[in-house]
Each structure stands twice: as C-alpha cells, then as structure tokens.
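Across the two complexes that follow, chain A remains constant while its partner is chain B and subsequently chain C.
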Partner chain A sequence: MASYDVMPDVGLFQPATVDDALRLADRFLDEGWLLGGGQDTYGWLKDRAKNPKALIDISHIDELRGIRKTDNGVDIGAATTLREIIGDASIGRDYSLLVDAARRVASPQIRNVGTLGGNLVQDTRCWYYRRGLACYRAGGNICYADGPQAMNREHSVFGASRCVAVSPSDTATALVALDATMTIRSADSSRTLPAERFFVGPATHITRMTALEPGEMLTAVTIPPTWAGKRFYFEKVADRNVWDFALVSIAAAMSLDGDAVADARLVCGGVACTPHRLKGVERAVRGKTLSDETADAVAPLATKGAKPLNYNHFKLPLIENLVRRALRG
Partner chain B sequence: MNPQLSRRRFIKTVIASSVAAASHNSFPVAKAHHVGDGYVDRLITIIVNGKKRRVDVMPQETLAYTLRYKLGLTGTKIGCNRGECGACTVLIDDVTNYSCSTLTHSVRTRNVTTVEGVQSDDGSLHPVQQAFVDELSPQCGFCTPGQVMSAVALLRENPNPTREEARQALSGNICRCGAYDHYLNGVMRAAGQRS
Partner chain C sequence: MDDSARQHSGERISGAVGTPIPHDSAHLHVSGAALYTDDLPEPRGLLHAAVGLSPVAHARIAALDLGEVLQAPGVVDAMTADDIPGKNNCGPVVADDPVLAPGVVEYAGQAVFAVAAESVEAARKAVHLAKVSYEELKPIIDPVEAVAASSFVLPSEVIERGDSRKAIDAAAHRLQGRVSLGGQDQFYLEGQIAMALPREDGDLFVYSSTQHPGEVQHLVAEAIGRSSKDVVVECRRMGGAFGGKESQPALIACIASLLAHKTGRPCKLRLDRDVDMLMTGKRHDFVIDYEVGFDDDGLISGIRFEFAARCGMSADLSGAINDRTMFHCDNAYFLENISIVSHRCKTNTVSNTAFRGFGGPQGMFAIEHVIDDIARYLSRNPLDVRKRNFYGKTTRNVTQYQQTIEDNIIEDVVTQVESSSDYAARYAAVRAFNADSALLKKGIALTPVKFGISFTATHLNQAGALLHVYTDGTVHINHGGTEMGQGLFTKVAQVVAEELQIDIDRIKITASDTSKVPNASATAASAGADLNGKAAQAAAQTVKRRLIQFAAEHFNVEPSAVRFENNEVLVGGQAIGFAELVHLAWFARTSLSATGFYKTPKINYDRSTFSGRPFYYYAYGAAVSEVIVDTLTGEHRLLRVDIVHDCGKSLNPAIDLGQIEGGFIQGAGWLTTEELWWNEKGELKTHAPSTYKIPVCSDVPEEFHVTILESQANREETIHRSKAVGEPPLMLSLSVFHALRDAVASVSNYQVLPGLNAPATPESVLRAIDGQRAAG
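Up next is the complex of A and B:
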C-alpha cells in the first residue's frame, strides 16, 4: 500500500456546541470522525488507512474543556489538553497519578494539543493494523502479528482473542487505577461507564477499543474522591523517553491503614488490549506492609496466566519488576 | 480573429473552469451541508506573526502547508509530516505545536508565531537565534527553526531554566545530526547562564 504525505480530501465541521457536534456525529456515524487534538488522527488520514468523510472538530467546544471540582470528585472535560491537566494544581495535589501518566505521553508539542479524551480513545499502535492491512481488527480474517515470523515484541501477553494488539494509552491505566467514570453522550441519550468497562478487548469488540458506539462521544471523565491524596506509583518503560508508547507501564493507587495496605488497585498498560488490572496482586497485598519482602512475595502473581508471543517474553519479568517497584516500602 | 478570444484568454478560461469543476467534485460533504451546521468556510483570516492574513484554506489543510505554500513562510520546515520530528514547530498562543499536525482552520482566532516572527523590529536576531549562532548549535540546520521555536517558548514561560528543563522543553524536536548538546548550550547562553 502506498503511503502519502499529504492530507486527503475530507470535510471539516467546527460545531459550536456539544449538541451540534452530536447531531453531526449521528448524521455521519461510521463516516464521521470526532477530532480532538488530532495527533492520532492525521497519521491515519495521511496513510489513507482510515477514510472518514467528515472531521468533526470538538477541540474548541467550551463545554468539553476544563477541570471542575464537584461533590463527586473532579470532572475533566474530554477536550481538556494534557498540558492543562499536567499544570492543574488540584489534580497535581489529589491525583498526581494522572499527572505522572500525562507527563509521559508522547512529546511536549503533542501534550500541548493532545486531549484527555483523545488519549483515552486513541487506536492501537499495532503496525500491521496501522499499515492498513486487512487484519481481524480491520474487519478481515487474519492476524499478521501472531504468526511464526510476525514481529510482535510490542504486542499483548494477556487477553488476546484473534487480535493481539495492546492499549497504547498512558492516561487510561491511571484512570482505571483511580476508578474513574466516563460520561458518554449521543444525539438522544447519555450514559456513564466505569473506566474499566469503557475499554473493551477483542473478545467483546474486535474492531474497536472502547465501548463507544458510532455517533457517541466521550464528553467527560469523573475521578471519585475515593483515592484522593493516596499513595500512587506510575512508571512507564519504553524504548525512547519521548514520543514512544509503553512496552509496559504500571499505575498503582494504594490506601494505607497504618503501615498496612488497606486497599490497592494496580493496572498495567501495554500488556493487553485494555488497561490490565492485576487483581491477584491487589488481593494478595491487602493487609500487608509495603516492603521489599511483600513486593517479592506478590510480584509473581502479576504474570499468572500470561501468554507471551514469540518476541515479547521480556514483558513478563518487566511486569513483575514494575510491580515490585510499586510495592516496595 | 475575434480579439475577445485570444489564445491566452482561452487557456485561462479553460484552466479556471476545470479548477472550478475539480473543487466542486472533491468535496461531497460540502455539498450536503446546511448553513449554520459548522461547516468551515474556505476564505478565512489567520493571524501570523502579528499580521492578519486573508487566505483560501482547504478544509483538510495543515498549518505547515498554509504557511509554506500559501503565505510563503518557508522558514517552517516539513520533515516527517507526522508529528514525529519537530521541524515544523510553531507557536500558537505562545505554546509549541507541530504545524504539520494542526489544521489551519483550528487557529483562526489564535496568534501564530513562526521563526520569521521572532526577530526584533529592527531585524536583529532573537537572543535564542544569536545564542545558537554563537554556540554553533546547528550542524545541517534543517531542524533549527523548530529548535528555535521550542527554545523561545521555553524562555517565555521560564526565563531561567535548568539544563534539564531545557532538555525536556526541546525533547519534541529531533536533530538527526545529533547536535542536541550544542542546542542546549545555545539555550543556556540565551538564558544568560553561559557566556
């Protein structure tokens, strides 16, 4: 397939309100494309690997921007930029996990325009898929990344079902760890989903990575006060410190009762099609003191049931080591 | 021969009508839109380096394309055209952006600053540019406009950065010559921390 370096012919709408945007999304459905910062979008278009008829630019809609404290925690509009989140004092104080994750996204220029919503709903980086090949995820009937000669160093070790692509989002792991709620709107309805159920694996929906139906829009993310100011740990391992996506990342939120862990949520990125919760580790660490001994004892639980591919066995010790670093005293 | 139909006039007419036909066919969405639903107009005004510029912009046009090929501001380079190299970095409302990955229509109400717009009114170089010259920062020079813009943005926000902060601020700009440390020397000189 040829690669082009210029933008294809595509229509552009800049609706003034969310309602107008949703009406357009409803009108175009699969042929419309909601545009936030556009940093994931333009590559798809320039490669002609996705060919929407209309871009619906929602980055300027005021209702979708900004960070507001409410009784239920903090509401972050989906078109709020990562730069705004990184610079927000209250998020930095209460939910530094999200700031640490957002800080590690791509490059400064991309964080300056990239939106939280865009970072959450961005498509996977599997290069076979992004090249425009007719794989399962693109509606075909083969996976190019899971074969004897496939290059799958970056692919999944958990939860594969035909497709072995992984979730690329850094903020998604943090928001699942913080037990955030996603608000989703369409032209005639509105619903909310816990972050964990917002991201869907290939067994549920092989052609998309989120629960968003055509015509729906992620409008806001709500972080509950449950984990405000608790102990957090975020680390992302990638080949490069800038631009690159996580080989494995970990986002951990822990509440302590004295020295002991009262509750914990640990989430890995880059290892499954969705942010992957380490429930075995979470259960095992409850009631224990954070220490090297605890970390060593529970870390092996993180990779139970993992099914590595030809070139990504290295992810298993990497996952366990990140868990150790999150849990040592 | 009919003086109204010279050869030149005939050719001009043919070109104009085929352009009209082509632009008519290439935007099926535009034909279907209703007034007031937010479909963008082609003739817009953008503010570049403090000047209002009227320009005819396609819906899908990137800012890098508009700057270089419509406004003649070729100081902004297109390297990868994928938001991966930083050569096209410009400031939009004082914040660095990849102009190859920004739609021109999205900057209508905002201030765009390109490398042509950082020198002072009398034509002398911006302190960052002068410091890059003094420190021999560029090697081949292709990434330099982008490096200048990232450094200018950093010093506007943080006039006294540490070398590590400068490193972070310039981390979205690739230099294939590998002159990173020379650029950092330049930033530190521009910040008055190196002479």
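Up next is the complex of A and C:
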C-alpha cells in the first residue's frame, strides 16, 4: 500500500560499472537520480518533494570507491564513504583539513554510509524548499525564506539572488580551500572543474547547487599536492555538537614563510549558496604573522558586503570569530 | 512439587521487588518486534485519515469547500465540525477544545476538517485540495501580550503567605528581574496515532497511543454520540509519551473514530512529525517576573513572583500545570513571605499541555534563577546561598501551600553529591581555569530538586487492577496504568511476583484496556507505579488470601501456617508447588480472579485556598554539572555530571537509573538546544527535527555519575517503600543551565549578572556573552 511517508514506487538500477551508470544517467536525464549513500535522497523521496523515475545506485561501483595516491596528489572516488576518508592515513597526514571536515559531518551512522560525492552534491537544507513549496529553486517565482515572517536564521548572508539558501556541505569548504579538482563524466565526455567553480550560486543556476548537467556524474575528486602538509584549520558552529548542519563553518589552508603567511585560502560554509571564499581576508593576511593582532585586524574584512536577513545577523560575529581563531598564532 | 518449584528451591524468585531486571519488552524493543499501534495487522477495508490544518492563527472560516477533496482519487469521505454527531470537544477538563474547528480557528495547526481515503498518500494529498477562505482576526501570540489584554484561559491565581511587600522593602538587599523560559516538544519517537474499528451495532474498538485510555474512551463516546459502554480503548505500549499523550490522544482518536463511525469502516490516523508538532500541545513557555529581598548571607526574607504561561487556545490541563508551578517555585527553599501570581494566558497558539514535570520545572527554574542572581549579586558561592535557604526539618518546614514537609532529606542528598562530585575543589578549579583561559570558559553549578508526588487533583489518586490466576499457575495482570517505555509494567509485574512469590516469567503483562479496568487515571504525575503497583498488590493479596484459606482447609492447618515462598507454598512443614496448589484450589471451586483498588492516603487539599496536603511525599535529588563554553561561538559542552537521586527503596534500580539519566538529558535539551520558535503571525516554524533539536547520544556527558540514594526507604507506606521517579530527575538539569550562567558570568569576571534566557542555545549564549562584555 502506498504511504506518503514511506518510499514511493521507484525504479532501482544497480549498475556495476561507471559506463553502465552513465548510460542510465543519459537515458533518464532529469528523471534519473544518482544514489550514493542515500542520506540526502530518501528524505526527498519520502516527502515526495522530488519524484525521480529511477534511482541509479552507484554506491557499489568499485571504480568509484577508494583513495589513490598519484603524481598529481590524491584521487578520491566519489562513492568513497566519509568513514573511509576519515580513516585514511595518508589523507590524515597530508590533508587533515578534509578529515577534520568529514569528521564533523552528521553522525557516525551517516558517515559510515554517506559518500564524499553525496556530501558534495547534496541539496540545500532550506526548509521551505525541502517541504516541496514552489519557490524559485523549485521552479517557482517566490522565496519563502526571505520574508519578514520567515524563519531564515540558517540562511545566507552572501551572494543571494532571489534564493537565499546555503550550501550545507562540510567537505565542500575543505576541498575549495585545498583547491581540489572535480572530475565529471557523462556517457560521451569527461571534463574537470576546480572545486570552486563546481559549486554554483543562484545567480548562475537557481535550481542547482553544482555545475553538473543532467546525465553527468561527479566521479572523482583530486586534491593537488600544493597544500600537502600545510597549516590547516577547520571549525564548524552548529546548534548541536553533533548531527547538525553548520550555521557557519570555516576551512583554512595556509602556507607559511617563516612566521609570515605566504599564501592562504579561507572558505566559509553555511553563509552562501556555495562555499564562500574570504578573498579579502586572504589578501590582507599575506605577509603577516599569525597572531591575535593579525586576527583582530583582518577578521572584520570577512563580513564586508554581508547582507544578513531578518534572523541571521548572529552569523556575522560568528564568521569573524572563526576567522580570528583560524589566524591566531 | 512442580518442576519450577524444585528448580528454584532455596533461592529467591526471579524478578523480585528491588532486583534490577531488564524492561519486560527490552528484547522486543531492540529487535523491532515490539508492536506499537502502527505495527498492528491492518484490518480489511482499513481507511487512512489525514487532517486539514488551519494555516492561520486566528480567523473566521468564511467558506469551506471540500468538493475537490471528495473527488480526489482514493478518497472515501471527509468531514467538518458540522458532521460530528455528538459533542465537538476533546478537552480533558474544560469543554473548550473542539475536535474540528467550529467556524473559528484559534491557532495555526488547528484541525479544520478530516479526510478518509484508501491510502495514507491519497488522504494526505487530498487535504491540499480543500478550498477554505479565512477572514483573519487579530491573534494574540505571546504571554506578555495576553496579560496586557487580560486574555486568559482560566482565572489568574494567587498564593500569599506573610507580607512579602513589607519584607522586601525592609530587606538589606533587593533584586528584581524578568526571565523568559522556552517550551518543549515531547518528541516521543512514536507519533500520535489511533486506529478505530467499528464493531456491531455502532460500537467502536479503538487502539490509541495514549497515557489515558479512559479519557479517550469517554471523549470518543461523546463525540460519536454514544456512551462509554459502547467504546473500548486499548493500548499495549507507547513509543514514548512524556505527557504529550496525556490529553492529546483524544483529538487523534476522536478524528479516527468519527471517520470510522461515519463510514462504517476501520480508520487509522497517524500524524507525520510536522503535523504532530503543529497540531498537538507542548510544555508551557513562561515569562517570569520576580522581586526579592534578602540579607547579607543571601537569606530570602520576601519574594514576589509573577508567572505568565503561554497556555494556547484552550484550558487543556493548564489549570493543574500552573498550580504545580505555584507549588514548586519554592523548590527546596523556605520562603517565609511570598506572593505568587499565576496567569494562565490564552494565546492563539497550540494549546499547551502536560510534559514531564507538569509545570514544576518552570516553578523551580524561577526560584533557582533568583537564588543564582542573589549569590552573584553578593559574590557568594551559589551553593552557600542555596543551603542558607533550605527548608528545615522541624522548623522552617511549612510550604507556601501549608503542607508540612515531614520527609526532608535535601541536606543529606546535597551533602552526598557535593562530596562525591568534589564540588568545592572543582568550583575553585573552574575559577582558576577561567583566569588563564581567554576564549574557553568553564562553569559549574549544584542544584537541588524537591518534587511533590501525587496528582494535585485529589480524586485522580486512585487506581484499579485485575488479576487472574490460571490453573497452570501462571498469572495475567492488568491495571489502569499505561506503558510508555518507562518500565511501569515491569515494576507492577515485580510487585505481583513478590506478593505471590512466583517467578516473574509466570506473569503475563497485558495491554491497558478500558474493558478490564475502568475509569483509570492517566499514567502521569510520576504516580504510575505508586498507584497501580498498590492496586495490583491488592488484587494479588485477595487471590492469595483465598488460596491461604483453601490450603488451610484442605490440609487442615491454621491459615497462619500457610506461607508463600519461592514458587512454593509451605503448609505446615510441607511444601507444595504454587501451580499444584492453584490447581487443587480450582478443583475445589475457588475463585482465582480478583480486582484490586488503591487510593493514596493522607492527601487532602483545598484548591479554593491553595492549602492542605496535595502531596503524599516528596522525591529529592541533586546534581552537579560542569560545562565549557566557547566565547567566540557560544557553543558549549557538558563535561561532567554527578547526580544523587532519591528513589526510596527502588522497585527496580536498573529502570530507575534509566529514568534518572533520561530525565536529566531530556531536561538538558529543554534548557539548551530545543527551541520552539513562533513568528509574529503565530506560526510555529520549528516543527521537525531539522530545526527543532533534541539531544542526541553525543550530548550525554562523558563523565556521567548517577547514584541512586537507595537505602532511604520512603517514610510513607508506598509500594515497597519506593519513590516515584518519572518526573523528578528532569529538574536535575537546572544545574546545566546554571553552570552555563556561571561560565557566561566569568566573561565579566563575575561582576555582571548574566542575561541568559532558556533555552541557552549557542546563539543565546553568545548574545549573553556580548551582554557581559558590553556591561563589563
């Protein structure tokens, strides 16, 4: 018997190879749904807010799983679980930023089955959108979160364009900070994008969070050696210590020249529709020594241009405070 | 002798009173085999219901057109208030709670109409096809607004003792303040659900997830225009209730029953989480004003409280809940000159209801807050000020409602936890840590609990039980209590096992059923085991007396020579198996079935003057919590908790330990992460776990030391001298809130009173820290 809060009738394909998966993705296009760990998927389906015809389960495709060291850094298959990443010694040694971020995702149970790819391409948590309301992001012509009565304490302070939803991914901020490259494949082509351009805001494409076109699949993430073993900082602020999305998070990668910062990439999560680079802070901190004074001096730059909504002004001091902590000596 | 008796000869029965046996359904809970209402096999032709909710807080329904709803695929029927054959009411005390809105809606989330369809999906989809037009009226949302407008569900109440005004004016020091305290959703894992099955001749059988089957029975009967004899309500277990299933299930059961009655087909209504949270009541949130006068030691000479509780659109249980607030705003302290004003505010929000503690936590929050303020104002250790104000044992021992406290052990309890937690040294260590730590700050607090046990409405303190003994020596026990995971059924079975001296696995625990035990009170007020344990014991004693009588005659001995012991009955010098004796007794035509009844003695209380003895006894406890706060983000963690809690002589220490731990963590959730947020239009916006955040496993502190103060037998003659344990431990969590205040206060080097409201979410902690910096 059909029941509104259990799974709907939906086709399930379990291809054994990436090529087969891509052929299915190509066949179903918008009506297909790539299924990784399922941790974002099942909620959508149970609520009938998304109604794909077919689930294409890629979680058991060997090519998509595992962590491989190469000359160009490290390749991580998109279906690698967060637990596997957290437990990987070489990532822990060279790119602990990603481990720190992955460790803060949801709960142990979810990290055991949730995949890196799934964490990166997961949809926004905007409650209005997830309830299946016809907002801009769902193809409608209104934003329910950006109104005087709306609950928007979780929403964006940067880069809104009609939609004020934020990127919920913890690992996305880390991978943008590490300047990772995304490998994207479709049935007949393959391309790569820098992580920063993989995530798209509402001004670019209001119904998507990433650059993936229908029929395309994120197959792997490559972290370049540029930042291997550098100084990292990750912190996530949430209402609850675990099993919660970030109100604000920060991922920072810094290379030092003596005591001074040679280069830095600082990325905030939970504040914009994409991982949000703090370029003003990055510029200002170059050449400076990490210290409380430097932190206090540059932190206010992090919120320059921020446009808080009715109920999320509290995010501004949080952003600045996280920058402070990232840059303390 | 039967086998079982031989096997256990010389040992104690299994499951005796006081043994820490597991919950009777633990193996079913963990394996998923326990049947909750939604797991029951669905009867042929079952319809599924869905409810159309009001989207607005206050409006006249100008037009209501269900035409398209009825045309929708799978829909069988629909109904509005006009289709209710009996009374349109599911209010437990006052008849002001309509099942379906009768022309006016009074909160966003109120049930306006109901649909029955062949599937849950069809019913829920069809709901959205209704055409309802609302003429909006001005809503009153918050309690302060309600007080200004004199909008009340029940008259305001006052308790006065002495002359608080004069005492405050004459005091060496005075403080006043206002603090707001959020509500809490019960967040039972199993949502509200009922399944109604028509029986012959218009009768109904209703499965309901309810703490109060009797009330569901009466209200369903009235709604369908029949009498109580025509309706039977059954509940084997609930997946959590916490007070949220004391009065609220009547609404769910009435809707399912009305649709079953109308269509002649069985009907099930199961709310999804969002609808459940929008539609059903929660813990009352309060705005509390206080004024207090005290001396240099912090001894309170006079105090005035004004409570404004958001009751929502109807009275529900708000009268008794707010009475309990007035009875607990002393907590463990003697308040000689006191004035309490309690407003029961009518607001256009969901009608708030029972939740573990039942108004007590809010009253205790108030006095603990005042004491904490006094200590900070005087730069004293808050524990010293607490102790200075404790009730005495022989003097200073009369409450503001004129009950003399006869069982005061608060100092023993506090002394024990003070020492086991090493409070004094850690209090100093926290201050030393804070002096050296710029960004992370620690806080520590010890708070006591004294909680009155009994329903304050005296007539509810009664219970019944029904016990059958079968010829194979096994027993069927039934009583008016309900099982919500708290272990009541296990405890009652232990009482029966003890009384009949048989192993607990010979006793069948059975579903609460209005046709077995009538007119039972709700399983509430922590009194489930106290009341039903005694009633079951009385039933067992009746059968036992008959067996003794029979044995004496049969074996020709004096009745005093018959003794029940470890699955055997000793008759003179001879032992006979329990089953063997039962079989002989049956053969000799002895009745092996009995009812039992119990009413709590000694209590007597006059509500018109708020005086007398509302409580049979008090349960005590104390907790020390230590927290660490990140002053850059407001995030905090509970580092260590030490609890000493009084269970009298525990019926089952394993179950009581679970209640203490669970109650404490649930209370910590109430005071920290759980935030009910209404917008200005009165729409609840935190109505799912995505935005409403209950504690999870990782929020349990790594160091969590719970000690049951077990040797202390209840001085009253309760069931095996045990004490109630359901609600009291929740309030131990006040120590978490005050530890957070302590940490926040350290930002101004303890110079500024922390302006921290509850819940102390990271956002509100950060705001309080900013307040410290701005004022410091």
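Note that in this section the second predicted complex is superposed on the first by the 326 of 329 C-alpha atoms of A that agree within 3 Å, B and C clash if a C-alpha of one lies under 4 Å from a C-alpha of the other, contacts with A are read in each partner's own complex, and residues count from 1 in each chain.
As a working rule, a contact is a pair of C-beta atoms (placed from the backbone, for glycine too) under 8 Å apart; a residue touches a chain by one contact, two chains touch by 3 or more.
Being a predicted model, the structure only gives us computed values, none of them experimental.
Novice: Based on the superposition on chain A, does the combination of chain B and chain C result in a clash or a fit?
Specialist: Verdict on chain A: clash between chain B and chain C.
Novice: Using the touch definition from the top, say if A:G140 reaches chain B (first), chain C (second), both or neither.
Specialist: Once the two structures are laid over each other on A, A:G140 reaches no partner at all.
Novice: Answer with first, second, both or neither: which of chain B and chain C does A:G87 touch in the superposed model?
Specialist: neither
Novice: Using the superposition on chain A described above, determine whether A:L24 touches chain B (first), chain C (second), both, or neither.
Specialist: In the superposition, A:L24 contacts chain B only.
Novice: Please indicate which partner A:N112 is in contact with in the superposed arrangement: first for chain B, second for chain C, both, or neither.
Specialist: The first partner, chain B, only.
Novice: With the two complexes superposed on chain A, say which partner A:Q14 touches: chain B (first), chain C (second), both, or neither.
Specialist: The answer is first: A:Q14 touches chain B but not chain C.
Novice: Is A:G287 contacted by the first partner chain B, the second partner chain C, both or neither?
Specialist: neither
Novice: Please indicate which partner A:P214 is in contact with in the superposed arrangement: first for chain B, second for chain C, both, or neither.
Specialist: In the superposition, A:P214 touches no partner, neither chain B nor chain C.
Novice: Pick one for A:V242: touches chain B only (first), chain C only (second), both, or neither.
Specialist: The answer is both, since A:V242 touches chain B and chain C.
Novice: Which parts of chain A are in contact with chain B and also with chain C?
Specialist: 5, 107, 241-243
Novice: Give every residue of chain A touching chain C within the complex, in rising order.
Specialist: These residues of chain A touch chain C: 1-5, 48, 107, 125, 127, 130, 148-151, 153-154, 235, 237-244, 247, 314, 317-318, 321-322, 324-325.
Novice: How about chain B: which of its residues touch chain A in the complex?
Specialist: Residue list for chain B touching chain A: 26-30, 33, 37-40, 58-62, 65, 81-84, 86, 89, 95-98, 100-103, 105-106, 150, 168-169, 171-172.
Novice: Show which residues of chain C lie in contact with chain A when the two form their complex.
Specialist: Against chain A, chain C makes touches at 48, 119-125, 272, 439, 632-633, 635, 637, 673, 675, 677, 679-681, 683, 685-686, 688, 690-691, 693, 695-696, 698-699, 761-763, 766-767, 770.
Novice: What does chain A use to touch chain B in their complex?
Specialist: Within the complex, chain A contacts chain B at residues 5-16, 20-21, 23-24, 35, 38-39, 42-43, 45-46, 53-57, 59-60, 83, 106-110, 112-113, 241-243.
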